[in-house]
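The following pair of complexes shares a single chain, chain A, combined with chain B in the former and chain C in the latter.
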Partner chain A sequence: MAAAGAVAAPLRPGRAWTAAYDIRLALPLAAFFLVFFLAPLALLVLVSFYADPGMTRFGLDQYARFLLDPFSLRVLGATLWLGVEVTALTLLLGLPLALLLTWAPGRLRGLLTLIVLLPLLTSVVVRTFAWIVILGRQGIVNAGLLALGLTDTPLKLLYTEGGLVLALAQVQMPLMVLPLVTALSRIDPNLADASAALGAGAWRTFLRVTLPLCLPGIVAGCLLTFAAAITAFITQSLIGGGQMLFMPMYLYQQASSLNNWPFAAAIAIVFLVAVLACVTLLNLVGRLSRGRAQA
Partner chain B sequence: MTLHRRSLLAGALTLGAAQAFPGLSHAQARKLVFATFTGSWEEAHRAVLVPAFRKSSGGDVILDPMLSVDQIAKVQAARANPPIDVMLHDPGPALTAIAQDLVEPYPVAQSAHYGDLIADAQEPMGPAPFFQIVGLTYNPEKVKTPPTSWADLWKPEFKGRVGITNLNSTLGTGFLVEIARMHGGSETNIEPGFKALEALKPNLAAVAANPGALAALYQQEQVDIGPGNFNAIQILKARGVPVEFAAPKEGIIAFKTTIHIVKNTPVKELAFKLIEAALSPEVQAKLMQSPYLIVPTNRKVAIEGEVAKVLAKDADELKRKSVFQDWAAINRSRAAWIERFNREIRV
Partner chain C sequence: MSAGAGTPLILDGITQRYGSALAVDTVTLDIRGGELVALLGPSGCGKTTLLRAVAGFLKPTEGRVIIGGQAVDHLPPNRRTVGIVFQNYALFPHMSVADNVAYGLAARGVGRAEQKARVAEMLALVRLEHLAGRFPREMSGGQQQRVALARALAVRPSILLLDEPFAALDKNLRLDMQIEIKRIQRSAGTTTLIVTHDQEEALSMADRVAVLNAGRLEQFAPPTDVYDRPETLFVNTFVGTANVLHGRLATEPGGARVVALEAGGLLPAATTLPDGTRVAACLRPEHVAFAEDGPGAEGGTGGGLDGVVEIGLPLGATLVHEIRLDGGARLKTAEARAAGARPRPPGTRVRLRPTAPERVSVFPDPRH
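Right, the complex of A and B next:
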C-alpha cells in the first residue's frame, strides 16, 4: 500500500482537474449502463410487484409466495451453498496453480498461462459437454475405476451434486487463478527473502507473508467464481440435470415454461439481493484483510 | 482519402436517422423471419421448406430457431413490431399464443391446401404442417427385447436405466399425462401419474433438463430406455448412435405442431406463402423421406418408408394409433404440476 501512495503523490497538484476529466471519460459507459442495465433492472423491479401473472394489479404477493415458502427458500439456500462449495474447491485447486505460475521461470510460465487461459477460449457449452463425457457411465472416470477393479458397477457421477461442483470448479477456474496471479506477482520477492533471513520456514513465510498480502486477490477471485458458479445456467442444467433445482432454472421455468413473469421477476430480485449480500460480506472480509496486511 | 468533420457529421446523421426510422429502408428489404425449432427441425426446414418457399414466392426467409416458449416471450415483448413473422408451436404454447392474442387467424378461404389436411390438423388459428410423435426410445444393444408398453419402464431389469425429462418440456408433460391415463387418470386427474412417477424412481437414471439433453444421454449410455420423440432420435441414429423407437401398445402420443402468422407482421403475404409451402403435399412428401422422417398431415401424401413401417401406413391408421391430449386442460393445471414435480421428484 505504501508503494501505491508513492506513485499517487506527484499527481496530487492536478487532482481537481484530473477528477473532472475522469468523470467525463466515464460518461459513455455510464449512459450505456443507464439504458441497457439500470432501465431493464427498474422494469424488472416493477414487474415483480404485480400481484398476478396477468399483471393487472400491484401487490407484494410474489415476494410473499417466495419468502414464506420453505421450498423456495431451500432452492435459494442450495444455490448459495453450491456457490460456496465451488468457490472453496476452486480456491483449493487454484492457489497452488497460481503460486506455481508466479514462481515458474519464463518459458514454463508462458505455457502455464496458456493452459490457464485455454478454457476461456472455448465456449462454456463445449467445456460442459466434455464433462458429460468424463463423468458418464461409460466415461473416463468410470472406465478407469472399472479397469483398476476399484468398483464393479459404474458409479453415478453425472447428475449428482458432487459431479456438478467438480465441473463448475473447472469451468470457472480461470476466474480464480487470474486475480490470484495478479495479486501474487505484485508481492515484492524481497519480502519472502527477508522472512527467510529472519528465520521463518517456507510454510511460515507462506502463512504470515504471502497469504495475507494476496488476500485481495483471493477475495476478488472468490467473488468472481461465486457469482459465476451460482448463475451458471448451462452447466447447472446439463451436469445437474432436470431434478436438481437451482435459482437460474427455477427462474427460467417460471418465466418461460409458465409465462409467470411477476413471480420470475420476484425470484430474480430476491436472488439479486441475496447475491449482493454475499458480495458485500466478502468485500468486508477483503477490507478487513487489507487492514491486517498493512499492520 | 480525407475525412471532413462535415461529411462525417452528415454520415452519422444518416446512420442515426436509419436507426430512428427503420421503416425508411426496411419496408421493402425486410425478410420473412420464421422461428422453427432447433435441431432436426431446423435442418429439415432449411433443406426442404426454404428452397420450396423461395421458388413459389420469390421472397426470402430467415430461420431463427428457438423453443416455443421463447418465441412467445419475444413476440409478447414487442407486439406492435414483432421480431418474428411465423411461429411454430407445440400444442400447449399454441393455446397460450392464441389466448394472448399474438397470432392472426389463418386465411383458410384463400388456402389451396388447408382442406386437404386431415381433420385433426385443421386449426383455423394456425394449421398443423406435421405431427410430433412420442413413444418409447431404447438402446437396442442393451435392451434386447423391444419394449411394447409404457409399463415396461417399471420393470426391475431397468433399475437405474430409465431417462425422462422434467415438465418444462412438452415431452415430459405429455408423458406424465399418458402414465396417469394408463392408471385410470386423465388430464384433469393427474394424481395416478405422480404416483406412477414415484414408483418409477428406483429405475430413474436421469431427469434431463430438456429433450435435447435427454437424447444426448443415450449417446453416453447414461440411460437405455425412456419416453422419446420419434424425430429427435433420427439425428442420433443417422450419426450411428444405437437407439430405436417403439410404439407402445397404449398408443403413441401425437402432438399437433401448428404454424401461425404473427399478428402485426409487416410481411403477412409472405408469411401466408411460407405456411402454404409447409402444408403442400410436395414439401410434406419430401420431409417424410429419410433422414427427416417428419409425419405428414396432408391427406394427398401417401405414407411410406420408415414412417409407414414404424408408425402407420395411412392417415386413418395414424389417427387410430395416436392419442391426442387435451392441452387446454393441461395448460390450466401445468403450473401446479411443475411445482409438484419440483418438490416431489428428487432422484
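Right, the complex of A and C next:
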C-alpha cells in the first residue's frame, strides 16, 4: 500500500487526480509489493540481527563486524566509487548522444533511437561476453593496436577497473539517454532561438538555457545509471574478474559459499542504506532543479 | 542607433525553397528606419519564413537581407542586432523577469551595473517594475508578453520582430497590448516587423502592410491603400470583405465602361483592361448603395443590379443586408444605421449600385 502510493504520488504533486479513481484498483499491486518486496525485506532485516552464523541469538554483531572491518568498508567504498565513475562516464557520453537524438531529423532520429535501445534488447550476459571479446588480450582492441603498431605487447584491458567502467557505461547507456531525451525534447525550441537572437553563442545557450532546463532529466538518468551500475552483479563479476570485489559479489560469497546468512543480510542492509543515502542526495538536487525549471 | 532615425531594413529578392516546395517567391521589401510593417497573410503564406530569414534562423535559398545598409546573410542570429518576440514569448522559465531581461545584456558583455540600470529602464518602459523578481509561470499572458518585449528591446536591437504577438491573448487584452506595443515602438524608434494573419491587427498597427499569399508579395502599401485600392483580387478578398461578381468588360454606347455580369446586370467599372476581358469585380458591402436612396434612383443604364432582400440584420451601428440578385448571385451590403432605422423586410425588391464607379475593383478572372 505504502509502496504503491509512494510510486504514484511524486509524479504530480498538488494534483488530486488519484481521487478520481477507486483506490481499490491499487490493491493487487499493493499485495504484490507486500508479498514479494516488503515481506522479504523485513525477513532480511530480521536475519541481519542474528549475532552468529548459526542464527541462535540476536545482536548487532554483524553490523559491528562490517562497520569496523576495513576490508568490508573498502568494498563498500569501491562499489560506490564504481557507481560514481560509471555514472560520470555515462553522462559524459550520453548527453551529446541525447542532444544529437533531440536535434536529429526524422530518419536519423529513428536510427539513433534504435542504436540507443539495442542494448536493452539483448541479454546482459551476451553484452558482457561481447565486451570480453572486445577487451581481451586477443580482443578486437588489442588486435587493432598491435596491427597499427601502436603497442608491442597486448594491453591489459580486461579485468581492470577502466574496462569495467567502460563496459558498464555501455550497458547502462539507455538508462541515461532516455530520461535525457525526454527532458531535452520538452524544452521549447524557441528558447534556443530566443537565446541566439539575444546575442548568445552556442555554448552560452547550452550552459545557461539547455543544461539547467534538462537538469531533471540528468538527475533521473544519473539515479538510474548509478543504481544499475553498483548492483550489476554479472558485468562486475565477468569483466572485473576475481581481482576486484564489489558489494553484490561480496554478499553472494557470504551467503552462497560461506553460508553466513546473517552477515550477508547485514551487508545487504548496509548496502541498501548507503545507496538510499546517495539516491536521496541526488533526488534532493533534482527536486531543487525541478522547482526552478518548471515552466 | 535605435532612437530617432531607426535602422532601415531591406529584403532583397528573398526566395525560400523546401525541396520542391516554394515557401517564399522573390519577395522584396524596402522598409524605412523606424517604420512598423505588418506581414499579413493566411497561414502558409511564407510570412514566418521571412521573419526567420531576417532573424537569421534560416538562410534563404536566394536573396539578401540588408540591415542598415549592410548585408547580414553571412551572420548567425547572435551576431545580428535583431530582437524577436515569439508567439509563445519563449521566456526562460528558470529565470526571473529581471534575469530574462538581463540575458541579452550579459550575452553581449555589458557590465553588471549597466545591466541593472538597463533592466530597470526596460521594466519601467513596459510598466513591470514591480514584478522584477517574479518567474514567468507566475505571470499572466499579457505580462509575459511585455517581459518578452522588454527582453528583446533591452539590447537595443536595430530591428524588432514580432511573431503573431497577440494570437495568445484574449480579445480585450489584445487591443490594450496593441496600443502598448505601438507606444513602446514609437518611443524606442525601432524598425519593427510584425507577422500576423489578423487583418485588423495589421491595419490598426502598421505604417505599411505587406500582404502575402502563397509565398508571393501581393501588395505593400499603407493600410488605407490596401483597403481602398487593393492591387489584386486576393488582397481585395483577404483584407476586409468583398462581394465578388464575375463578368465581362464592355463599353456602353455613351462611352462608360461596365462589367456585364454573368448573372445579369451591369456594374460601372474604372479600368484600363480591354473590352471582352473576363473579370472578377469586387465591391465592398459598404460601397453598395440602394438606388432609391441616392442619385439615379430613376434607373439609368449606368449600371444597376436588381434583386430581392433575403435578410436584413441591424448590427448596432451598421445595417447589413443580404440581397439575392435576379441572376442568382448574392450580394452583401452594409450601411451606417441612422437612429431608429430598421432593416428592409425580406422580399423587398431593391435596385443596387456602387456608391462610385471607382469603388468597383476589377481584376482579371483567375478562373479563366
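As a working rule, the second predicted complex is superposed on the first by the 268 of 295 C-alpha atoms of A that agree within 3 Å, B and C clash if a C-alpha of one lies under 4 Å from a C-alpha of the other, contacts with A are read in each partner's own complex, and residues count from 1 in each chain.
In this text, a contact is a pair of C-beta atoms (placed from the backbone, for glycine too) under 8 Å apart; a residue touches a chain by one contact, two chains touch by 3 or more.
For clarity, every value in this text was computed on a predicted model and none was experimentally measured.
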{"item": "Fit-or-clash call for chain B and chain C when the two complexes are aligned on chain A", "value": "fit"}
{"item": "Contacts of A:P70 with chain B and chain C, given as first, second, both or neither", "value": "neither"}
{"item": "Which superposed partner A:Y159 touches (first chain B, second chain C, both, neither)", "value": "first"}
{"item": "Cα-centre angle that chain B and chain C span when viewed from chain A, reported as a multiple of 10 degrees", "value": "150"}
{"item": "Contacts of A:M249 with chain B and chain C, given as first, second, both or neither", "value": "first"}
{"item": "Residues of chain A touched, compared between chain B and chain C (which is higher)", "value": "B"}
{"item": "Touched partner set for A:N259, first chain B, second chain C, both or neither", "value": "first"}
{"item": "Per-pair minimum CA distance [chain C against chain B, superposed on A] in Å", "value": "49"}
{"item": "Touching both chain C and chain B, counted on chain A across the two superposed complexes", "value": "none"}
{"item": "Sites on chain C touched by chain A in the complex", "value": "55-57, 76-80, 82-84, 86, 88, 90, 92-94, 103-104, 107-108, 136-137, 151-152, 155"}
{"item": "Chain B residues within the chain A interface of the complex", "value": "67, 69-70, 72-73, 96, 160, 165-168, 172, 205-210, 213, 216, 220-222, 334-335, 338, 342-343, 345-347"}
{"item": "Chain C partner contacts - residues on chain A that touch it in the complex", "value": "188, 190-191, 193-201, 204, 208-209, 212-213, 292-295"}
{"item": "Chain B-facing residues of chain A, complex", "value": "71, 129, 132-133, 136-139, 156, 158-159, 237-238, 240-243, 245, 249-250, 252-253, 255-260"}
